[in-house]
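Multiple structures follow.
Two complexes come next, and they have one chain in common, chain A, joined by chain B in the first and chain C in the second.
Let's look at the complex of A and B:
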């Protein structure tokens, strides 16, 4: 394990200077950085009453130790406020869960990035944006927390392009990828409770691609809207097509969610319908991925059968996000990873 | 084992894990999109290097 802490003396706390000093050491995300002075880090740690030197997680591939203090340093660098620290600590705990497979997430050539979804009270009290433009830009909490999580991956996990992150093209979601659930406009209650996390505040980490837009301004009922969601999920170029066990996060806008709920559809109904409709002709899929070792049941399907792009409706996760308008999004995972939802500590 | 394009990255990861002298066998890049005969040829050509790294003599 590696302790990432080190004190540096720099001539100026100017953000450009800090960025350049960091860059000389292979640190940073390329943008100006807030100097993590001891005073600022202490102020950030005031966001938690717990032991600042407790190891929250050991992050691969570098096996870096993420303590609250180290997390706070990166929170300062990114521009977070103390009220964001609890979310960030929970996100690090989630990243280290074995089902997330962070080692694989960082090692793959796929452009995967951990999307952080903030649930519950903290979204309101700490100023996260769940409404119009929730994926950004413009909100301090979403932008800074998302950026801080990436800085932790770079500095603690060692997910530096070419040295610990093998993504062929990288991606904009690797800069900052944080959004809040629009609980006020969710007709089905909160997502965290739906996966068994009964806490006032929680976070979900889902390692996936950047959002794929789903546009429907015409339908008034669920089926035509969700058919378009399914269409966005059935690309032969998606990792999920050949992997077949990955999750999809379907981020429904409030108006699309309301149309589903008004017809009496539950969150589970929505997932089941999408699972039934998000399918690719088996012959086409097998022809496109001839070298893949298909599961026996997939091998047995006749060419004209419709093969689901993920094996179970539970792999389709429904969250309400955004403001007015009729644009939802689909976030396919990398494939060999599962999301994790954990409570935010007090 | 790594393909040539990822040999440096494999060495970097090994170093960050505290084993900078990890013996790495590299084969020509890429493997994806390569036919079976070419993959077998690469494997055949990697045998001598693998034996050398494991035993000190081919």
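Let's look at the complex of A and C:
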């Protein structure tokens, strides 16, 4: 196969050698890398009949062109298998959606990382973990796909710490941040369909913080569980506190989701209740933030009003993830970004 | 052995710097406050001092969200100025 991509010489395919040669050029995430030989990249692309040199997206700040081939190169580097490529291509499409604001996501001092959520058939057929330990470690699909997406951001988008990523402290979620929705144990059906994406497989990209744990072993009904979710959302340290359009992904474990559904609560009921309960006194927010991006009606609220931490219940996104146990999590966004859900191509 | 480079081609030519504004006397200086802490204060004072030293005038002052591109109407109003001061980080 011929193409215009740059090739370079390495002494061997040893992962440490590839890591070191790439590091000299400012590439890589610090871990050993699988050599992206032409044979391996062709194998990665073999499952797709589509044009390998079609530009899927142009990613800021470098304005790098993410073709299927370049996505496949980074998939090989990360240790992906060919069945993961479709998820990565969809994730790149999602990242390029204007509402995601990838330029801001990559430029900010905040530790934001795109969380990739895999929905539907591909989660099962390509081996993604939606159950116990879904956020990792241990599963090839979750780990390698999450890592590959970060490598694409580093190499193609140019989100290199210092030059293209100003994150003050960085963060572990910037290594790999990929999880699958536990559709089998979701009492409300799939998340993608709930936001209007009717496809056998889909991915969501949500640019947010690392997961904040929500632990509830005691409650049998929804309200006490969701009060703890609300408590995890009402931190003055969150970027969403002064940004009313910010989204929160609430990743409910199956047992917490079942407790809500058993009481007759829908996904929308859960979001509405959390919106009602996740509030901070408006005066406290005003005292903490001189710079705010609130909706006009929120600016008009008196200081003693209980201000919702996000403008609308629709900004609270409910996904079922995980296995046995009673730990859920909250993932606040960076603030000036919205999630995107797109179908996985065949 | 040969391996692929992982970065691929760049899809858009980088935007070049505008040519210098030359003599500032008689020209209008604008300020685009990007809402970062003290950006308006810093840039405003710089504009005033620059104007005092060069004979320029301080014209339009606009503000934008730090995390988003400037809206078209803000850019249109800034076009009244021949020099715009902007860019402040935390």
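In this section, the second predicted complex is superposed on the first by the 335 of 346 C-alpha atoms of A that agree within 3 Å, B and C clash if a C-alpha of one lies under 4 Å from a C-alpha of the other, contacts with A are read in each partner's own complex, and residues count from 1 in each chain.
As a working rule, contacts are C-beta pairs under 8 Å (C-beta built on N, C-alpha and C of every residue); 3 or more make two chains touch, one makes a residue touch a chain.
Since the model is a prediction, treat every value here as computed from it, not as a measurement.
Annotation: superposed three-chain arrangement on chain A; chain B versus chain C shows a clash. Of the two partner chains, both chain B and chain C are touched by A:62. Residue contacts after overlaying the shared chain place A:125 against neither chain B nor chain C.
Using the contact criterion defined above for the overlaid structures, shared-chain residue A:231 touches neither chain B nor chain C, since it reaches no partner.
Of the two partners chain B and chain C, more chain A residues are in touch with C.
When the two structures are aligned on the shared chain, A:108 is found in touch with chain C, with no touch to chain B. In the superposition on chain A, A:163 makes contact with chain B only, not with chain C. In the superposed model, A:220 lies in contact with neither chain B nor chain C. Of the two partner chains, chain C is the only one that A:22 touches; chain B does not reach it.
Where the contact sets of chain A with chain B and with chain C meet, they give residues 62-63, 158, 166. Chain B meets chain A in the complex at residues 6, 8-9, 12-13, 16-17.
Chain A makes touch with chain B in their complex at residues 2, 61-63, 107, 158, 162-164, 166. On the side of chain C, the complex with chain A involves touching residues 1-12, 14, 35, 37, 65-69, 89-90.
Touching chain C in their complex are the following residues of chain A: 4-13, 18, 22, 27, 35-38, 41, 55, 58, 62-67, 69-70, 73-74, 77, 101, 103-104, 108-109, 151, 155-156, 158, 166, 290-291, 293, 335-336.
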